[in-house]
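To keep things clear, I will list the structure first and then write my remarks on it.
When the chains are written out, they are named A, B and C in that same order, and each has its own residue count from 1.
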Amino acid sequence: MDFLARIWRHEESRAVVIQILVILAVFGSFGWLISNLVTNFAALNKNFGFDFLSQPAGYDINQTLVEYTNRSSHLRAAFVGLLNTFLVAVFGIILATIMGVILGIIRLSNNWLARNVTYWYIEFTRNVPILLHILLWHGIIINTLPRPKNAYNFGDISFLTNRGFYVPEPIAETGIAAVYLAVVAAIVFAVFFKRHAKKLQAETGRQLPVFGVNLAVLIAVPALAFVVSGSPVSFEYPVLKGFNFKGGMHLLPEFVALTFALAIYTAAFIAENVRAGILAIHKGQREAAEALGLRPGRVMSLVILPQARRVIIPPLTSQYLNLTKNSSLAIAIGYMDLVATLGGITLNQTGREIETMLLVMGMYLIISLSISMAMNWYNSSVKLVDR
Amino acid sequence: MADKQTYAPGSHPDLPPPPGTIGIVGWLRTNLFSSVNNTILSLITIYFLYWLIQSVAGWFVLDAVVDASSRAECREIDSGACWAVITKRIGQFVYGFYPHAERWRPNVAFVLLFVAVAPLLYPKTPMRRQLLWFSAAYPFVAYFLICGGILGLPEVGTNTFGGFMLTMIVGVTGISASLPLGIALSLGRQSRLLSVRVISIAFIEFMRGVPLITLLFVASTMLNYFLPPGTTFNLLLRVLIMVTFFASAYIAEVIRGGIQAIPKGQYEAADAMGLNYWQTTRLVTLPQALKISIPGIVNTFIGLYKDTTLVVVIGLLDPLGIGRAALADAKWNGLSTETYLFVALFFFVSCFAMSRYSLWLENRLSTEHK
Amino acid sequence: MKKILIAMAGLAGVVAATSANAGTLEDVRDRGHLNCVVNTGLTGFASPDDAGNWTGFDVEFCRAVAAAVLGDASKVEFVTATGKTRFTKLAAGEGEILSRNTTWTFSRDVDLAQTFIGVNYYDGQAFMVPAALGVSSASELDGASVCIQTGTTTELNLAEYFSSNGMSYEPVPIETNAEARESYLAGRCDVYTTDGSGLAATRATFDAPDAHVILPEIVSKEPLGPVVREGDDNWADIVSWTLKAMMAGEELGITSANAAQLGAQVNDNPEINRLLGVDPLQGAEQAGLSSDWALNILSQVGNYAESFERNLTPLGLSRGMNALARDGGLHYIPPIK
């Protein structure tokens, strides 16, 4: 007894005791849960395993970024779903960031009307559940756009219908390598030219027309290569055949609705973060920049935003994470993401609730952690270096 | 030639301000048309507002039908929105299938909720100390009031819960139950003990890394496998447990922010006074951290409150679910826009009110000089 | 902090660890009402009316069971479930019966711990298209966009049908009937596929039901029926014979209008006498049923035909396979002896 009391009184040994107890408690409860699982599975004659992943999925998916048929395996179906989740997340994040920054800046504009309209817009958008946004946007898109027979026709090559936006699909032919090479060369030139111009400006104060030159090079060089190598791209055009347009590429309305809804909802939050970030910049910075004679646009882009960035990024990261996780609501309107394929149809077909949900959660966890890591890395690269 | 009046320096009476800088014109000029860009922005906004009002107002209000017994009847009366689907079913939207005769009980519980949270959220409440005891007892009171089973109140099954009442139950229980767990997790995350820290971080990151909808699936389809055979668990309770776990991870992060904002000197002072870890936590860390975190906690609550709409995916009838059930009635089919807009409006009003409160709190708590 | 602890204690109080097996009948009688798992909203089968009362074919079956065991068809509370959560809700003891157009399959009966007690509706997956398309057979649907209600075996049947006929299609899988319906009406899809009854139910709610046709092809067998938990044979018997009593009612010409009268007199047909408790029915007492169990069902809810006509006929569904065997359908009732 005395011995135990002594251990407890000594800070370091007490720490060890507590840690052991905690570990025992956690492992104990995990063990309890798993033993229950085993008992229940035995009672139900179920077994645990991932062999179902190699069996044919048997169902079709409407948007496949990689080759997939209903004879492909469940694993393949899950992968297709994962890519679809990625696609929506990436487009959603890009769109949300652009919209959010613009809204955040307008929110601080000295135009009374624009400021207040934006305010109410943001408040309305962010105080309505995301699921409703998705349902409303989907409803709007499929109800207002025309059916394939009355499609909006853009020069007989692109068509807009409530089943998607159809555009010609470029098909590479021999000789395309020259064009790819030209693109790479143009990008390399642009990067070097920008660096050179920056150095020149720092040394001599002379400014080169970087944007114009780079734009010209980026367009002209690949175009030249394209002509020289004999236009090695042919297009497959969408044509109305029977019920639907066939051929070409097309953007599903479910994808558009989901991306829009996610972007608009998240943009409202980002706008508030941007506003807070801008307000956090000391007034003196703006005044100094204005005193130097910078125009308002430049004050924003050269002085305020680069500094505000540091304040904005941490909350921005969680908005990106939220957007990605919210994309799982795709199930409500029939966009085939990870939850709809692996956690939906596959789960229903195979009855493997535990295994499929483990996989789904694991994948979301990986995506979330990668976004966090990427943003942390970016954050540390723009951080103020304390000297 | 008028006389040229002379003034001693400093004695000239004030001249009226130049025209165009005061009154409506001045206001318009400084606020809407101060530059070319601003003028363009204003014109675009005005046009947008005009378009919005003239395209929506008619449908929304002027041509709308409030009283009818079916969609077909609505259409006969006028061409606008058919709000009758809402007015006819407002009871369901609010209480779900809670028995008519007993609906006063959730009403009382709802009113008491404000009495219970007032001393927590508004420090100048009269008789705060006594009321805090009521706050402590409130979960009990609300539970027995709503579920019944004692004092002659008939028992009401949780399967009858629905509509906004369900939203409130999930939201309020989720937040109040997740608060202690969140505090524990945030302390665990800051702990000097490695195993405690690792477990807290793993739990927090897991809960924040997966979508709520997958957790709800787990609650609805899998939780039973992890419990001893024969245990049956009410679905609402399973959902509440998952929601609590989910919210506690977010609360933990909010409180961690609060803890990190406490100046180092506070700990050093506590150490110097010879306080041990628990004393420091109880007397120094938490009182300060929780106070700073209140706006964040309110924001988490708003998020959770909105997320309760996801329970519709597992078959609970929240306002959205009630709306869908209404749409399945042959009489009201095809009124999805009205239904969804109504639910959206409800969430907007309640969440907006809460976010105003959180903003007010933030301003009150901020000690920064502006 | 104390408040929270008390809250937890309050929550813990809700957890009721009860045995899921045996004694279901006693549980129901003790509680005073039956819990029944139904659809979250499918016209004709289960949907709440303006006053919050559930109506529909599946709902009436629950009421019939309540009438049989409690003597009062109104003593039912309804638990809603989606296609995904229904079996769990039954397994978790949230209802004594799952009456939610559930297809009877080998694996659901054998693999999952539950018992199908019969078929109350013979169904099959079908296709619905707008009449304006001029399509008369599913084999003309090559290249169409197809809206699917997910959560069942619908996707597999569809994929199999199209690939075995060498046709292509664009699947648009949607979780609930409400959204699928909206997509179909907006022209997002050319075709809507789900169980034939579901299609009819959905079609009946359109502004112009006649502008849509259900194609003759049935691509799957979907015998729908109520389900109970495995392990309580007595309860399964009661639920099963409730269904049979409704059908027997139709066969013997007992309706809600004449049941009380027939039950108060001695009839020429001994089967009617046994069913309505005029003569003793061997075994009813052992099963825990009162002698007027079937009388309660038939007088309070009505027979199978009445329930069908009340709920499904208005949707444009005909009896077809769901007629009694004597009328050329599939419902064959074992003798009430």
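To be clear about the criterion, contacts are C-beta pairs under 8 Å (C-beta built on N, C-alpha and C of every residue); 3 or more make two chains touch, one makes a residue touch a chain.
Worth saying up front: this structure is predicted, and the values here are computed from it rather than measured.
Enquirer: Tell me which has more C-beta contacts between its two chains, A-C or B-C.
Expert: Counting C-beta pairs in contact, B-C comes out ahead.
Enquirer: If you take the mean of the Cα atoms for each chain, which one ends up farthest from chain A?
Expert: For chain A, the chain whose C-alpha mean is farthest off is C.
Enquirer: So the centre of each chain is just the mean of its C-alpha atoms; given that, what is the distance between chain A and chain B in Å?
Expert: 26
Enquirer: Where the CA atoms of chain A average out and where those of chain C average out, how many Å apart are those spots?
Expert: Each chain's C-alpha centroid was found; their separation is 42 Å.
Enquirer: Please work out the Cα centroid separation of chain B and chain C, and write it as a whole number of Å.
Expert: One centre to the other, that is 38 Å.
Enquirer: Which parts of chain C, given as residue numbers and ranges, touch two or more other chains?
Expert: 84, 175-176, 182
Enquirer: Can you list the residues of chain B that touch 2 or more other chains?
Expert: Counting only residues that touch two or more other chains, chain B contributes 217, 221, 224, 313, 336.
Enquirer: Residues touching two or more other chains, restricted to chain A: which are they?
Expert: Residues 43, 135, 139, 331-332.
Enquirer: Within the complex, which stretch of chain C touches chain B?
Expert: It is residues 1-8, 10-11, 13-21, 35, 40-43, 47-50, 52, 77-82, 84-86, 88-89, 91-94, 175-178, 181-182, 185, 204-207 of chain C that touch chain B.
Enquirer: Name, in rising order, each residue of chain A that touches chain C in their complex.
Expert: By the definition above, chain A touches chain C via 43-46, 58-62, 70, 135, 138-139, 142-143, 147, 162-163, 241-244, 246, 253-254, 331-334, 336, 340, 344-345, 347-349, 351.
Enquirer: Okay, in this complex, where on chain B does chain C touch?
Expert: Against chain C, chain B makes touches at 69, 88-89, 91-92, 97, 100, 135-140, 143, 147, 157, 159-160, 173, 176-177, 179-180, 217, 220-221, 224, 230-235, 237, 240, 313-317, 321, 324-331, 333-334, 336.
Enquirer: Across the complex, what residues on chain C touch chain A?
Expert: The touching residues are 83-84, 107, 111-113, 133, 141-145, 147, 150-153, 155-156, 158-160, 162-163, 169-176, 179-180, 182-183, 186-188, 190.
Enquirer: Going by the contact rule at the top, pick out the chain A residues touching chain B in the complex.
Expert: Touching chain B: residues 15, 18-19, 22-23, 26, 33-34, 36-37, 39-41, 43, 106, 109-114, 117, 123-124, 127-132, 135-136, 139, 321, 325-326, 328-329, 331-332, 339, 343, 353-354, 357, 360-361, 364-365, 368-369 of chain A.
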